[in-house]
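Chain naming follows the written order as A, B, C and D, and within any one chain the residues start at number 1.
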Amino acid sequence: GDDGGGSGSSGDDKITLGFAQVGAESGWRTANTKSIQESAAAEGIELKFNDGQGKQENQIKAIRSFITQRVDVIAFSPVVESGWDPVLKEAKDAGIPVILTDRAVDSKDTSLYKTFLGSDFVEEGKKAGEWLVKEYEGKSDPVNIVELQGTPGAAPAIDRKEGFEEVIKADPKFKIVASQTGKFERTGGKQTMETMLQSVKDIDVLYAHNDDMGLGAIEAIEAAGKKPGQDIKIITVDAVKDGMTALSEGKINYIVECSPLLGPQLMDLVKKVNNKEEVPTRILTEETTFTPEQAKEALPNRKY
Amino acid sequence: MTFLKNRLVWPVAMLALLLLCALIFSDGFFDIRIQDGHLFGTPINILRASAPLVLVAVGMTLVISTGGIDLSVGSVMAVSGAMACLIIGDLANQNSVGGVTLAVVAAIALSLVLGLWNGFLVAVLGIQPIIATLILMVAGRGLAQLITSGQIINVQSSPYKVIGTGFVLGLPVSVLIAVAVLVIAALLTRRTALGLLLESVGGSPVASRLAGIQARRLTIMVYVVSAACAGIAGLIYSSNVSSADGNNAGNLIELDAILAVVIGGTALTGGRFSLAGTALGAILIATLDTTAQAVGIPPETTLVFKAVVVVVLCLAQSPAFRARLFRRPAARPAARAEVPA
Amino acid sequence: MGEPPAVLEMTGIRKIFPGVVALDGVDFRLLPGEIHALMGENGAGKSTLIKVLTGVYGIDGGEIRLSGRDVRFTGPLQAQQAGVSTVYQEVNLCANLSVAENIFIGRQPRRFGRIRWAEMRRRSADLLARLDLDVDVTAPLNTYSLAVQQMVAIARAIDIDAKVLILDEPTSSLDASEVAQLFAIMRRLRDAGVAILFVSHFLDQIYEVADRITVLRNGALIGEYRTSELPQVELVGKMIGKELATLEQLESRPRDSTEQLERGEPLLRAEGLGREGAIAPFTLAIHAGEVVGLAGLLGSGRTELARLLFGADKADSGHIEMGGKPVAMRSPRAAMAHGIAFSSENRRTEGLIGELSVRENIILALQAARGWTRPIARRRQDDLVAKYIKALQIRPDNPEIPVRNLSGGNQQKVLLARWLITEPKLLIIDEPTRGIDVGAKAEIQRLVAELSTGGMAVLFVSAELEEVLRLSHKIEVLRDRRLVEELENTGDVDADRVMHIIASGATS
Amino acid sequence: MIDVSTTPATNKSGPAAGRRRTYRPNAQYIPVLATLTLLIVMYTLGAVNYENFTHPSVILNLFTDNAFLMVVAVGMTFVILTGGIDLSVGAVIALTSTVAATLLQAGWPAGVVIPTVLLVGGVLGLGMGAVIHFFKVEPFIATLAGMFLARGVALLIDQNSIPITNGFWTGLAEARIVFEPGVYISAMALVALAVVAVAAVVLAWSRFGRNVYAIGGNADSALLMGLPVGRTRIGVYTLSGFCAALGGLIYSITTTSGYAGHGTGTELDAIAAVVIGGVLLTGGSGYVLGTVLGVLVLGMINTIVNFQSLNSWWARMAIGVLLFAFIVLQRLVTRRAK
């Protein structure tokens, strides 16, 4: 691209992008980071990367630091929705455009950022619910659902729960009989599932907020002598490679994709924003859903 | 000794109470059945879930007995699991027992090195334990992520799986490992003079030195032991799900471990310690989490539930609290009656 | 008789610790303007009576009246506010604070709520000057010896405007001049109408200052006497509950000073050993079977000298030879390996491990020397411990109670026992008789004499010159952190001569 | 006052003269000085290695970014000086920011919300202090329970992050003294500095402050010396709770939001800052100024890692290594000086 208007300290015509990541709390996140780093390198964009270690205060510090370092564009995945207005105003005052990735902010003042690129967690929950509704269409027996929630208070956990509930509540035969946290981890998923298997009779469906918990739960189900995917139907979100493998083996029945590969789209936006081109304020990542058959097809090309 | 016994009455009572709640509010909680020739059921799950915590807490007890603290156990767990899975993942045949043994040995050896590092900072450089181990807590997590490249490393190794999910004579291997380490630690400290010397160092480092105790060497040793325990716990943790997760393995386990130690009757200021108490404390904490789930307490409430249990338990254990609660009203007249003419 | 009404009256005081009746219906009264000595053996209950009075412990029975009003303090703060100022037995100050702060904390001079540091420093310097102590009041207390700390504690207590002043063994770590200084102040306070409760194991001191004496034995009251009406022997008899025959034994000198020691090769030779800021290089030889006494004033460097020999501190000049060969005393452990034992003067912070039991404390050094892999069998532990509990009359004689629950004197005996069971070649004992009652003191002195006869070398440090003279074959006199004189303890050496050397810094 | 002057009882002109003590420098300042020196060294290294590092906003941002941590660490300093520890501070930030946001959303005026929130923190601290003092529960455990409780209650109130639109809050969030465009110090940083100043004065010049040191030195002795140990001990936990609540307010102001996940791990940051600043964890020694330097050191480490633009795990290892280097150097410097 040509000279970044924000008087890059670099002086050359390379664009500098400051990217404040949430952290490295999961494989998904690492894939996301990697995608951004690789596409930045491919596009010749200089990337200043910061890991917020899951803390908002660190991300705010990082954004301030980017302002001090005079980057051309700032992009970040907000760890929470609220609380970005003051620091975004600073960026605005310094004339540095901001792009949100992966997660949104709830700011009223939409002039604070140029665009938001990412998935919609509520939508993901809805997709999971819709598949379930379709799967049990025409049957009237009650369906006992157990839910493995993410970390209490985390946005994806809250939204995926909300979206899912919204869809299934229309039909009274669907009943969430237990909903506990597995903290987005495999071990957590496994241990929580172990307990649920004991305390809940007749589980028909498991809905896990991410693949990892689902994979942990599968181990617990197998150890209890049941067949995952058949005795208990399993829906998860993310579609990481391990999850897709399990899906293709029929241990998971349905996965809602939540793609971490935002890099190319983001770099595209960065260049546009830097050139002061107009960009839409909301860009959804291209995401799909997978059934076992689709998984078998997609698996060989799965990178993460 | 009677004093110690008295202290442990309360965690036992609390454990009983939790199990009672589970019995009432969750049916099938106590169903233990034999499936595929091994024991199966929630109580067994609790024991299995508490195995890593028991291990970490045993090491922590020894560290605390010398008046120290080890915040790095969670990171060491992550590093150890990551190391083992990395090696196993690279094996040509992941099911080879030799290869897995090598991986396990390498992981524990790495943990020992990390423990040595902690011990060096504390005993030789004289850095306050909380800060010395904080360094490894932060950097160790980075190291674990480095080993796993931030991803979850999956392994398909049946020998490795045995550590976390296997059964021997119907009993879970992870539980057997934890019990073995506990027994070894108990024998080492109580059948030799190690326990006495540790308690002495914890009671007064200055006086211990003047009594000819090699406080420095002992201090290094307890950090090494603690790291070794954490390393084994990390193996169980990672073997349980046949994967290594550098980010989440052992996250915040240091707090639970310290809590277990204190519930078990060991003071954080060092000195007298009780390994049996620690094990009890660890099991109590594991039961707490499981019971909350079994009873169906919503996740966002679990923390409050845990707080209430901890507060009640600590108050019950506090002699000062019991004295205030029970003795007050009766004290004066009773004492007066005894005064001789 | 025209006795004024008592300021303090305690009646039927009862205090029970788990397993011990520390006070069993004790009556005690304190008149204004008197110095009242509280006497009794180690563990008799003196300190407990004091702590019960000031509310450190609650009581299980009895009444306390202060100036005619019923009181029951909930803590020292209340007692202090009611006019009872106390120096407890072990120095209870905050070593991390400056000397001045220790004297004034809790009652610092203030203006507009803000502490006036300069005034505080000035006033504490004045106060200490009156006790003839010239120290830097801004330095933290832990840079000073126990004796100085004791003086600071006393300074704090007497500066509090009190009607009752309690001094629990204030003199145990002071030298003669310090004691004299203290007594002068006590008399002055008494004349101003303050009631003073005084505890000491030094009979001479009691007879020097006390007007009346109350004797406790095993937590029970024996009686209250006028000092002038109670001869010393009788007092001792009442304290230990035995008759004159035993008392005569106590009086006998443990060692005949005319008998001379056959000296061969020295067991240990320190050659130019010294440490910057602690003690100037000195040369000293100790032979097997010899008792070497260290004499000197507070801070003259006796403790420092002893610590260097034990490797507790590192020497920065000179070396040590044992059996003619140079040895490195890098740590206490190394010294122990060469058969040296060191019982510290500071039993609470450098000696005992409070929460461990008597048994564990006694075997600690022996066990440490063997290493953790070779535990001492429990049977053997019990035997050894029982032997020394008996020999040193440690009370209570239950080896399993935490040592922190023992009375001060009994703690000292435990510390001594720890080192005796290691059967060292050289025993360094720093103030071993501090806070020990007459009977036990004689016992320890006899023990030292016996051990040396049996071939053990003893380096004996004591603030009590009498004791040093009585026991030593050879006396090393220290002054200003410098070894100034070595005296063969033959017939012509007496306290005056040693004092003279200490005062003038030179002989002849 | 009774006159206690005496005439010397013995003639000891000789030895008395010899007992004069030579002056020893106050060793207690050394850790603080060491921290300061090393902080300057760190800054210089950053300035040499990175572009824009010498920009004045780098230093000013340290104060703005860490205002809440500074306030929390000041409270923690009091607690640690008594030999205790307070693990609940991070959770109290979460609780107070959530409470504040919820109340503001419900339409309460800022003038009521602020005292309410501070009261919540203070009362929680008071409760923990009382449990610690009266029932002899270990501080670590009592405050760990407090941590569970505070975060648990925050989660119960609301799991979502709550935006704050109250004008007073947003106004404060943007209040600042601007030196030149992009170079400013925020109002919250000034609040933090004010708290530091007050705390320093209290510690050095009030009886309460000195009692804190005494208890840290030896609590048993302090009791026997007739100091109000209970009141002081409960006081420091109350103070720490209050400071954490204030920290929570600052957090909610700088982010104009409340969230049950705020302040995770802040307790460790605060403890680390206090210890790096030269306060002994066993209590009785250290200064608030040291704590401020400790906070700045942590901030500086963070800044360097930011400027270096490291991958996640390398960033963590770098933080560990920098922390290690700092602490070891500090250790060596203080050892040498003593």
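Please note the rule applied: a residue touches a chain if its C-beta (ideal position, glycine included) is under 8 Å from a C-beta of that chain, and two chains touch if they have at least 3 such contacts.
Which protein is which chain? UniProt says B, D = Sugar ABC transporter permease; C = Sugar ABC transporter ATP-binding protein.
Quick caveat: nothing in here was measured; it's all calculated off a predicted structure.
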item: A-D against A-B, pair bridged by the larger set of C-beta contacts; value: A-D
item: Length of the line joining the C-alpha centres of chain A and chain D, rounded to whole Å; value: 36
item: Geometric centre distance via CA averages, chain C-chain A, whole Å; value: 71
item: For chain A paired with chain B, centre-to-centre distance based on mean C-alpha positions, whole Å; value: 33
item: Interchain centroid distance [CA atoms averaged], chain B/chain C, Å; value: 44
item: Sequence positions of chain D contacting 2 or more other chains; value: 155, 159, 312-313, 315-316
item: Multi-partner residues of chain B (each touching 2 or more other chains); value: 145, 150, 300, 302
item: Residues of chain A touching at least two other chains; value: 24, 30, 33, 152-153
item: Chains touching one another, given as label pairs in label order; value: A-B, A-D, B-C, B-D, C-D
item: Chain D-facing residues of chain A, complex; value: 9, 21, 23-24, 30, 33, 37, 47-51, 53-58, 60-62, 64-65, 67-70, 79-86, 89, 93-94, 106-108, 152-155, 158
item: List of chain C residues in touch with chain B within their complex; value: 12, 14, 24-25, 59-62, 310, 312, 331-333, 336, 342, 344, 349-356, 360, 364-365, 367-376, 418
item: Of chain D, residues touching chain B in the complex; value: 131, 134-138, 140-142, 144-146, 148-149, 151-153, 155-156, 159, 268, 271-272, 275-276, 280-281, 312-321, 323-324, 327-328, 331, 335
item: Of all residues in chain B, those that touch chain C in their complex; value: 191-194, 196-197, 199-200, 203-204, 206-214, 218, 271-272, 335-336, 338-340
item: Residue ranges of chain B touching chain D (in the complex, touch as defined); value: 71, 121, 125-128, 130-132, 134-136, 138-146, 150, 246, 255, 258-259, 262, 267-268, 300-308, 310-311, 314-315, 318-321, 324
